[in-house]
Amino acid sequence: MSARMDDAAEAPDAPRATPSRLARFLGSDLWLNFRRSKLAIGAFAVTLLMFGLAFAAPWISPQNPYDPAQLELLNSNLPPLWNPDGQSPFLLGTDDQGRDVLSAVLYGLRLSLIVGMLGVVVSGFLGIGLGLVAGYFGGALDTVIMRVADVQLTFPAILIALVVDGVAKASFGSALDTNATILLIVVSIGLSFWVQYARTVRSSVMVERSKDYVQAARLIGLSSPVIMVRHVLPNVTGPVFVIATINLALAIITEATLSFLGTGLPETMPSLGTLIRTGNRFLFSGEWWVVAFPGIALAGLVLAINLLGDWLRDALNPKLQ
Amino acid sequence: MTETVLSVRDLRVAFETRRGTLTAIDGVSLEIGRGEILGVVGESGAGKSVTGSAVIGLIDPPGRIAGGEIRLGSERIDDLPPEKMRRIRGRRIGMIFQDPLTSLDPLYRVGEQIVETIRTHTDLSAKTARARAIDLLTEVGIPAPERRIDGYPHEFSGGMRQRVVIALALAAEPELIIADEPTTALDVSVQAQVITLLKRLCREHGTAVMLVTHDMGVIAEAADRVAVMYSGRIAEIGPVAEVVRAPRHPYARGLMGAIPTLSDTAERLTQIPGSMPRLTAIPPGCAFHPRCPNVFGRCRVERPEPILVGGTRVACHLYDARGEAA
Amino acid sequence: MQRRCDAVTSSLKNALLALGLMVGLGAAPAEAQNVFRFAFQGDIKSLDPYSLKESFTIGMHGAVYESLITRDKNLKYAPQLAESWETPEPTRWRFHLRKGVKFHDGSPFTADDVIFSANRVRAPGSNFQTNVPSDAEFVKVDDYTVDMKLKTPNPIAIAQFSTWYIMSKAWAEKNNAVQPSPPTATSPSYAALHENGTGPFVIAEHQPGVRTVFKKFPGYWDKVESNIDEAVFTTIGNSATRVAALLSGEVDWIDPVPLQDQPRVESSGNAVVMAGPELRTIFLGMDQSRDELKDSSVKGKNPFKDKRVREAFYLAIDEDTIAKRVMRGQATPSAILIAPSLYDRSGEIKRPAYDPKKAKALLTEAGYPDGFTLTMDCPNDRYVNDEAICQAVVSMLARVGVKVNLNAQPKAKYFAKGPGAGLRHLVLPGRLDALLAGQSQHPLRDRRLPERSQVGPRRLESRQLLQPEDRRDRRQGGAGDRCQDARRLDQGGLRHHPGGLGLHPAPPAGARLGRFEEGHAGAAARQHADALLGVEAALRRDACSRS
Amino acid sequence: MLAFLIRRLAQAAVVLAVVGLIAFAMFRFAGDPVNQIVGPDTPVSERAEIRKSLGLDDPVLLQFGRYAGNVLRGDFGISYQFRQPVTTLLAERMPATLELAFCATLFALSVGILMGVYCALRRETFLAKLFQAISLVGVSLPTFLIGILLIFLFSVTLGWLPSYGRGDTVRIGGWTTGFLTVSGLKALILPSITLGLFQMTLIMRLVRAEMLEVLRTDYIRFARARGLTTRAIHFGHALKNTLVPVITIAGLQLGSVIAFSIITETVFQWPGMGLLFVQAVQNVDIPIMSAYLLLVAAIFVTINLVVDLLYTVVDPRLRTSVGRTA
């Protein structure tokens, strides 16, 4: 993926004969553009920080918020440390179960990111695969796939995710363990976001398919799917990467909304959305920290990813250079 | 020579980019007289189109005119405020773009676009403007203009559309028309018609034309004088007969290797080994020296200034040296 | 302001929530009408008074329908549509009906309507079939006298006459509503969308799930103790929105106020919180019927059958902290399932103290030194802070080594687990290991507040959640008949016991100041049903104290 | 044109059939409706009876057939919760949702286009960057959070606007409208902004990107070369061309706004179809859920159809070729 990205990212007038990939990347417009864009650097830094914090959560957070035995009800509803009523070690306060908000945010970030990324991977594979198939085989198969895509576009992702989630829970019983729940949300998100990839890949395939070299390759009996994958995928990595970035943000929001509506992750294993849902009950009552910090973390993460996605889209769009 | 319509002196156009300032046009000087067609030739990227854009004031940021001056008649126009420049565009300088397919707004009828142009620059009523639009369409050879005036651009063929574009450029009777590759996107058979039309209109209205093209055939066919551009500089400029028949600059010689009739010249241009340098890597001295068959030491260090040789001006040390010797 | 009252009076006032709600007039003299706007978290499910035994719904019916006998402000029996009654012989109850009463459509109320209603209540599709003794036969003596004949004497039958409303026979027949709208109705019942009672208010507009408008009934037979001309009911499910609507003055009364929002409502300066204990007990139920739990690490046996395990659970849960933290002081730990206010001697029964060490020891003794795993089901939209209580329990049990997989879910899913919430889960083969449930012994929802002596065995089946065995025996003497009954039932094969959790929540409602007289409002208490009762009372109560 | 229409209608029918199948199949198996109908005290035998009388024990295919037949007759069944025909319930709620969606779309379109155009034309200004930043924040904040923040600010803190419901409505025939009363209009403000904000940022970004693209086209350059005024170029030509693709997106947005209103209606307790749907999901009210899904699909398909037709009105290129390419 990353290697291909280098290729796609390389602007046409970047020097071709440079020795290593790294050097090529460093010499590319993309890198130059990045170095010049303070916003991109900032967004990248924030994203990196969030990822770092999220995956270091088990080692750096004062508490494991998923372990009920570590929660002490007597520590509940504590305000952040700088408030006179705050108590060490609860830097950002605690929720109504005595859960350390800082730890919960870190673990929540981790969950949100895992769910978001897995969701993106699922939808990416699904979308790219279906897009390749639709574009390559055309005909009835194409019609069916794109019609399904049309139908799916009728409903916003959140509705689809709600439906998928609800159906699965009803079918498998609601006593799903948390891993199954995560998987379920990932699948819901994956099923909600594949259309964009499919459309992008499909149109690219349609263009490529009519090109002479593909026709020629077919004539000499080369396996054409291989050609498609080899020639089409590199061409669409740019757009697909942009879609993936922006979809990561959307997936995180979708997970948060699902959790907020109560069909996502349970309160015993809170993601950012679950934390906001819990905290929302206390927002008006002055216990703002329960909702504020997860809210800020969520908005910050999504904003950073969005900024990055935006920048990437502009940077990879030759028309804008 | 007749009265000078356009006079460009030592024009420099620069682009600010992430990698520093690129000079796209460097010291270009040329003049066009009333009723005269000046051909501007060169490879892609030689600065032909940028020169045209500079004249009409359509250099977009990050580009800018970095030096020299442009005069229309006696008025200096390169430093005019935008609003004044706008009034000159269309009114006194018309422009024709390369691709007639994309030059017209697809959402408006051609008549609407012509009337719009006319009324922007004159006080004509809508009705009169429409009558004038029909006249213009007639003049550029659109059949049944009363009916076609209400057609949308996509309903016209390429050649017909280029005629509409020419009509639009002529709408306010400008003194100068900049035709930027007006025939490149057209079928060969249509190219000749359009060139003929351009020549006729130029003659009838006394309009000066800057005909930007990379097609030597078009130049030979239409132009009175010709300027050969290379890497943002004029290599040779002079009467078409002289430059075409007896090119002096080695690059021009390469270009004129054979005057094609009306065929694709792109291939012949490749007869010159190598390719034109990028703007980021213009060599010192004469920009052409890495490809020049006649290169010698001075070419690599000193940039040649244009020298009047016969009826043409040539920027080449070969002639300087000969001049010294003589 | 007295927000918490002592248990007994609060239960009384509970029912009459807003006897205390008073509506101040003067605020807007331009308004010809005195409009009272109120919001509840749920909806009025049907207007058919026999359709659904759901507390809020039938509570709201009370504003438009009336029963033969009612309870007065002190919860004493009082005449309503029956002016008086007597028991000429042990198996015969005679009701002398009130004359001159008109239904909302103008037709007169007679003995035929009583007999019709008594039959309709017991007809298929009614959710209230048990509210009239099934062996009762209603006989018309004359137009204003009705006899109820029973096969056997029933001294507490009086308790039931306040629990079902009287409908109009002619109206029902005309509108094809002779049968109660059964749950399976495939066509909308007229009676489900329209009303025709004898009560002080008529429903002028009913948009299910959106709003319902009550208007004064000009032909009401009694003096209406209310200055409200119109009451507009709206459902606002979202707590934050509901509180916001109260504070911004869009509604005058909301139910419930989330616990954490109480201080804010109080300090807002324009609204007041009214709170008092529910008669509901929140408890933990454990499956002791099956030989193996469904989702547990213990295979081949059911740990809950071991008394030591149950006791360990009891000892491991710190109810005081839950009451203080999760319920923010708005709950009372309880040792028995029956609400303390319903039982004079409840104070004699004490809870064993929180003792996690002993709990751990008991678990070890029972053969679970490392604890075990099981699943607990919990509703998240049924009781006040239900999910939070569950979470707290989970974390407390975790500390003695019992790992509980919490399955918190909306009540729609929660109920699907078994044929009903509450104790029945444990009686019937349900699909649960353990659950959090709430049981309101007091069917306040239908305004049957049984006095102690009147609690009969028939009702006990639903309230036989008792103490762990060892405590039960000690209790027996004091608790009297009821415990005897309970033991009898227990011996009859219904073996289940509560987990260590007993809470009486006291969730608050919020009322806007300025429109209510604080002295009265402060005394009000509530539970689900009280929303209506309160409003009904408010509707009836003549207020305008400010002017 | 007719063929196009028929084709589109056929496609719409297929889409609706698929959605109908999905709606039925999904919700048939999600949750047990019986628990919603009966009280907790109902014995098992009675439950079984209810299942039977509802036809929940019949073969699935039979159940779907029955459902489809009824739907075609306009009968979506009886709501389990309200014991009323779903058609009536939806008809009652539809005005609320449509009015909200209309206002949200109006807000999203007007503000989105204005901001987008501004950002495209004044790319480098502070305000443009601010708008860009706002749009990013708008995209990054979940709808529910925005709604709650707005309520917190404007209802609770400032007390300016109502926090829930539609205010006073006026009934005109079968339609209740909040447009005719002050409280009704006030009640529309916050939900419309909440619902429209996301779409607004999308439209703003789309308009900006499209417009930048259009501004780079030849016909805009040509329009400048014709000396047209900036206003005519930007608003006569660039904006009109920008709006062609925007129409499609905006149409699709309107469809998703209706479906998206689920979240907004829940936060604001807006008595529309979305709230009804959420209540239905919570109460496993299958008839309402499937009817809602079908209705959303139908609305979407209709909008699509209208957009297609609108497209041909706006874009003359499609008028002649629509029969072939669609």
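Chains here go by letter, A, B, C and D, matching the order in which they are written, and residues are numbered from 1 within each.
The rule is simple: a contact is a pair of C-beta atoms (placed from the backbone, for glycine too) under 8 Å apart; a residue touches a chain by one contact, two chains touch by 3 or more.
These are the chains along with the protein names UniProt gives them: B = Oligopeptide transport ATP-binding protein OppD; D = Dipeptide transport system permease protein DppB.
Everything numeric in this text was worked out from a predicted model, so none of it was measured.
Peer 1: Touching chain A and chain C alike: which chains?
Peer 2: Chains touching both chain A and chain C: D.
Peer 1: Farthest chain from chain A, going by the mean of C-alpha atoms per chain?
Peer 2: B
Peer 1: Whose Cα centre is nearest the centre of all Cα atoms in view?
Peer 2: D
Peer 1: Name the chain pair with more contacting C-beta pairs, choosing from A-D and A-B.
Peer 2: Result of the comparison of A-D and A-B: A-D.
Peer 1: Per the centroid of Cα atoms for each chain, what is the distance between chain A and chain D, given in Å?
Peer 2: Averaging C-alpha atoms per chain gives centres 24 Å apart.
Peer 1: Give, as an integer number of Å, the spacing between the C-alpha centres of chain D and chain B.
Peer 2: About 52 Å, centre to centre.
Peer 1: Can you give the whole-Å distance between the Cα centres of chain C and chain D?
Peer 2: Spacing between the chain centres: roughly 40 Å.
Peer 1: Hunt down the residues of chain A that sit against at least two other chains at once, touch-wise.
Peer 2: Chain A, residues with two or more chain partners: 169, 280, 283-284.
Peer 1: Quick check on chain C: which residues sit in contact with 2+ other chains?
Peer 2: Residues 240, 244, 410, 413 of chain C touch two or more partner chains.
Peer 1: Quick one: which residues in chain D touch 2 or more of the other chains?
Peer 2: If we look for residues of chain D contacting two or more partner chains, we find 31, 148, 152, 156, 266.
Peer 1: What are all the chain pairs that meet the touch criterion?
Peer 2: A-B, A-C, A-D, B-D, C-D
Peer 1: Which residues of chain A touch chain C in the complex?
Peer 2: 67-74, 76-77, 96-98, 169, 174-175, 177, 262, 266-268, 280-287
Peer 1: Report the residues of chain A in contact with chain B in the complex, numbered from low to high.
Peer 2: 13, 29, 32-33, 36
Peer 1: Looking at the complex, which residues from chain A come into contact with chain D?
Peer 2: Within the complex, chain A touches chain D at residues 147-148, 150-151, 153-156, 158-159, 162-163, 166-167, 169-171, 249, 253, 256-257, 260-261, 273, 276, 280, 283-284, 295, 298-299, 302-303, 306-307, 310, 319-320.
Peer 1: Within their complex, state which residues of chain B touch chain A.
Peer 2: 18-19, 278
Peer 1: Under the touch definition given earlier, write down the residues of chain B that touch chain D in their complex.
Peer 2: Interface residues on chain B, with respect to chain D: 56, 58, 86-91, 94-95, 97-99, 102-108, 116-117, 120-121, 152, 154-155, 165, 168-169, 171-172.
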